[in-house]
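You will see subunit A twice below: alongside subunit B first, and alongside subunit C after that.
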Partner chain A sequence: MTNILDVQALKTEFRRKNTLIRAVNNISFTIKKGSVLSIVGESGSGKSVTMHSVLRLIPSTGKIVAEKINFMGRDLMRLTEKEMRKIRGDQISMIFQDPMSSLNPTIKIGRQISEVLLWHHKANPKEAKERTIRMLHEVGIASPIERYNQYPFEFSGGMRQRVMIAMALIGEPRLLIADEPTTSLDVTVQAQILALIKKMQEQNKMSVVLITHNLAVATMMADEMIVMYAGQIVEQATKAEFLNRASHPYTVALLGSTPKLNMKERLQSIPGQPPDLKNINLEGCPFVDRCSAKMERCSREEPPAVQLSPTHRIRCWLYT
Partner chain B sequence: MEPVIERMLEVQNLKKYFSVGKQLLKAIDDVSLEVKTGQSVGIVGESGSGKSTFARLVLGLLEATDGNVFFMESIAVQPMKKNNRSMTLRKYAQIVFQNPYLSLFPHLTIGANIEEPLRIHGVRDKEKRHLRAQELMYKVGVPEAYYDAFPHELSGGQQQRVAIARALALNPKLIVFDEPVSSLDVSIQAQILNLLLDLKEQYRLTYVFIAHDLAVVEYISDVIAVMYLGRFVEYAPKRFLIDQPLHPYTNVLLESVPVVGGSLKDVAGRGEIPSPLSPPSGCPFHPRCTKAFDRCRLERPEFIEVKPNHWVACHLYT
Partner chain C sequence: MGEFTIPVNKNIDSGGKPPSAEHSDKTTRRSYFGVLWRRFKRNKISLISLYFIVFLIALAIVGPLILPFDYKTMDYTALYQKPSLKHWMGTDDGGRDMLTLIIYGLRNALIVGFGAGLVEILIGVTIGALAGYFGGRLDNILMRFVDIMFALPSFLLSLMLVVVLGRNLFTILLAIGLTSWAGMARLARAQVLSIKQVDYIEAARSLGASNSVIIFRYVLPNAVGPIFVSLSFNIPGAMMVESGLSLIGLGIMPPMPSWGALINIGSRFILSTPHLILYPAITFALTILAFTFVGDGLRDAFDAKQSD
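So, the complex of A and B:
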């Protein structure tokens, strides 16, 4: 299978006054065509910044450096802003956590969705309207013709997220980035939205990057998994490898601290706080202070990337 | 000797209606509940189910439209009387909210935040307050060095620990938690949940624990009540509720809980929770229910005890 996205040595840094924040610290990964990659991590892990960097959607205080960000044969690092704009929303699109703040409250839903087609010159106004209505139907919005002329406030949270999905998919992107798409939704609605994203992914044979803090959601959707901590990828694996042989102490601890139904044992909590990116130890492993398996060298030397299988890689001294 | 209190909290036919324009929003519609001393009752429901309104009503932070709430068997929380600010209630019943930053005073230090209830309840001795705050900070795991820090200098997890310390300051008997961990990272969430279990055991506390995450509620609670559009639809000891749920809505909630390594199921509960402004006729869950039949559209099911201590409001069981 070929890769749709190939990111090599990506670093994203933010400079604020005298502090340098290394939000993403030298990471490399690929996404296969037509597959789903889940990126899991806690707040400050860099999971969102990573994908925002790929789309070059970061504030002006940020700086992106990468060996390459190859998307369908083109290096996105070499594109001008104008060329990037043609890619965003067309070949790569994105859905965010909070649908209310991502939709324009003063513009009717139908116009907001069809604008994608018009902006990218993919359809004339009449076709755009027809396709939008078909799309609304596709994402499970009842009476799409009436709904076309309604405003965001007339939709419930789950319905708004369906609108966001319609908007993201109408341009038939090859890559969809879903950044915590169900975090603000109720569990029953979350299940519906996840099923919808999966259905559309299979139907359109597109690739999906799912960014989430929820391990369960990540594994339910993924073909491949990435776990991030303090701006680094600490573990990457196929879903099967992840479920059977999660190896990095952070991943293992994260699995142990996720509440499950019918739990007999006590939750395993990870001591300490999530990393403060302003002062992380750049010498050793960023997880060292919270790690139950730490060794002496962990705080002094940066852990190497260890290949456990051709598709399973972790950064940890335990496995060297 | 203090008299033994068996029923920490009694809620009888509680109602709270809000008027929205010309319409009536029935946020809580005839809910009864008994919480025994030392028990931990979980309330689970989706947004708009009325669980937060319920929390505020049982603590007298909001006036009920109808019904009674008794605390420690003798204190009438509802109906609220004018100027009735029972110091006993305020002392022995505490609440912890979802967003710790919004519930701490931003202009007071961590120490002063924790000492505030002591000050209000007449602990004049500054040294004594200081010592108590330090003791509480130790108990909940906030480093002593934060005593003089301000809330914004702490992480979300640490802020929530401070809010818990403050709730503990007056040796409460009942603590109501309204989504206490839903804004926290997974690793921190586990820390706080374990802390709550330890504190409960250590101080023999009674908990009302409200959350939307069934796995979290199950972890903390002894019994669980499922709320839907302002009413309880099922109530049972947690083992029975999780292993042998009776109400179709409870089933939908259980099936919707994401599971590590699980598959995406087509969850039976279609659609979303309807607006409480225009609740469906009959059983409020019938438009989403796969098992609904004619009677469900017409007649509202009573909340009845179908097995010992297992209550459900569903026509399948009548």
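So, the complex of A and C:
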């Protein structure tokens, strides 16, 4: 399988007055065509910023540096803003965490979806309307013709997320970035939305990046997993390797702190706080303060990337 | 580590026919403006005021066409007359029909009020939206200019503009509009700044919307609420300035009547023929009050915290 996205040495920094925040610190990863990649990590670990950087959608205080961000043979770092705009929504789309605030309350649902096609000159208004109605049906919205003319406030949270998905997929993108798409939905709706994303992914043969802090969601959907901590990728593996041979102490701790059904013992937690990205220790491993297996060299030397298998890579001194 | 419980259903083809629970909520057909109107209607005083303003506008349009008198012709056989069947509001010191003068005054006040409001919106919202949307240095430059406009006494500035531009309806509304948009600019900037943070802006950008689409389709329509509310307070404000200019003799050229000029003349005869000041002053006050009440109603209607 070929790669649809190849990110090499990506760094995203935010400068505020005199502090430099390294939100994403030198990470590299690839996504295969038609596969699902899950990025997991705590809040502030840089998972969202990573994917926003790929689309070059970060606040103006931020700066993106990368060796390359190769998307289907084009280096996104070298494109102008105008060329980038043609890629967004057409080749790469994004859905967001909060469906309640992700739709413009003043535009009818149908217009809002079909406008994406018009921005990219992919259809005339009449075709756009037909395709939108078909798409609304695809994403599981009943009576799409009536729904076409309704406003966002007439939709429930789960329905709005379906609309968001329709809006993201109407341009038939090759890559969908789902940034915590189910975090603000209740559990039954969550399952439906995930099933819908999976269905659309298989149907359109597109690739999906799923950003989440919910390990169950991540492993249900993913072919491959990335675990991020303090702006770095600490472990990268296929789903099977992740579930059976998780190796980095952070990943192990994360899996250990996941509640399971019929669990008798007390739920484990990871001691300490996520690191403050403002004064992060660049010398050693960012996880050192909370690590249960730390060694002396961990706080002095940056851990190397260790290849455990062709598809399994971690950054830890334990496995050198 | 081997076993990992997945609490969600692995069945992946439920997307086509989701459970009926989500669909069962019957939504009645209503539009964005329908909801606004319903909320607005709840405030009876605002509703009555709105009807009153509509009536005034109709009067200003139809009145001059059907009135038996005009505002120019003096009648020296009928000076200072008390209200009668022929002259419902009496006559002034030139024997002109008071009702006719008030209706022409109303027409002029409305033209100046709405015209100046439009000028304020065009300039204020453009500058405020640009500053808020693009931020950075542009924001700094534009907002310092706004600060200067805000600091200068606008009435004095209007006066000077009137002197320079001349004294007809159009120049007066321009003179008022050009000097009082600073508040509107600040409001528009604040609105744009807060709306810029909402998720749907980022969502639109992530799907390839251009800056102009985001400004005109996403930001401004969501900012209109407070801007309209502010407008409904600025229109009577502009009317007051127009009357103020007339009061000191720098308003619309006589004999074209203006409320300010009528009040000025009436004040000279306040003891002998009080109706000369009473009628214009009362209609003036009622008009201003009606706009203010409509503004209150609009503010409540646009308040998202209210239930629909």
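Methods note: the second predicted complex is superposed on the first by the 320 of 320 C-alpha atoms of A that agree within 3 Å, B and C clash if a C-alpha of one lies under 4 Å from a C-alpha of the other, contacts with A are read in each partner's own complex, and residues count from 1 in each chain.
Here is the rule we use: a residue touches a chain if its C-beta (ideal position, glycine included) is under 8 Å from a C-beta of that chain, and two chains touch if they have at least 3 such contacts.
Source: prediction; values computed, not measured.
Touch criterion met: A:266 reaches subunit B, while subunit C stays clear of it.
Shared-chain residue A:292: touches no atom of subunit B or subunit C. By the touch criterion stated above, A:19 is placed in contact with neither subunit B nor subunit C.
Of the two partner chains, both subunit B and subunit C are touched by A:190. By the document's definition of touching, of the two partners only subunit B reaches A:42; subunit C does not. When the two structures are aligned on the shared chain, A:55 is found in touch with subunit C, with no touch to subunit B. Legend: residue contacts after superposition of the two complexes on their common chain; A:309 is shown touching neither subunit B nor subunit C.
One of subunit B and subunit C touches more residues of subunit A, and that partner is C.
Touch criterion met: A:86 reaches subunit C, while subunit B stays clear of it. By the document's definition of touching, of the two partners only subunit B reaches A:257; subunit C does not.
Once the two complexes are overlaid on chain A, the subunit A residues touched by subunit B in the first and by subunit C in the second are 156, 158-159, 187-192, 194-195, 198, 215-217, 219-220, 243, 255, 258, 260-261. For subunit C in complex with subunit A, the touching residues are 1-19, 22-23, 25, 27, 30-32, 35, 135-136, 198-200, 202-210, 213, 217-218, 221-222, 308. Contact residues on subunit B toward subunit A in their complex (touch as defined above): 46-47, 155, 157-158, 185-191, 193-194, 197, 212-216, 218-219, 242-243, 252-267, 269, 272-273.
Across the complex, subunit B is touched by residues 42-43, 156-159, 186-192, 194-195, 198, 213-217, 219-221, 243, 253-263, 266-271, 273-274, 290 of subunit A.
Considering their complex, residues 55, 57, 60, 85-90, 93-98, 101-107, 115-116, 119-120, 138-140, 142, 150-151, 153-154, 156, 158-159, 164, 167-168, 171, 177, 187-192, 194-196, 198-200, 202, 215-217, 219-220, 243-246, 252, 255, 258, 260-261 of subunit A touch subunit C.
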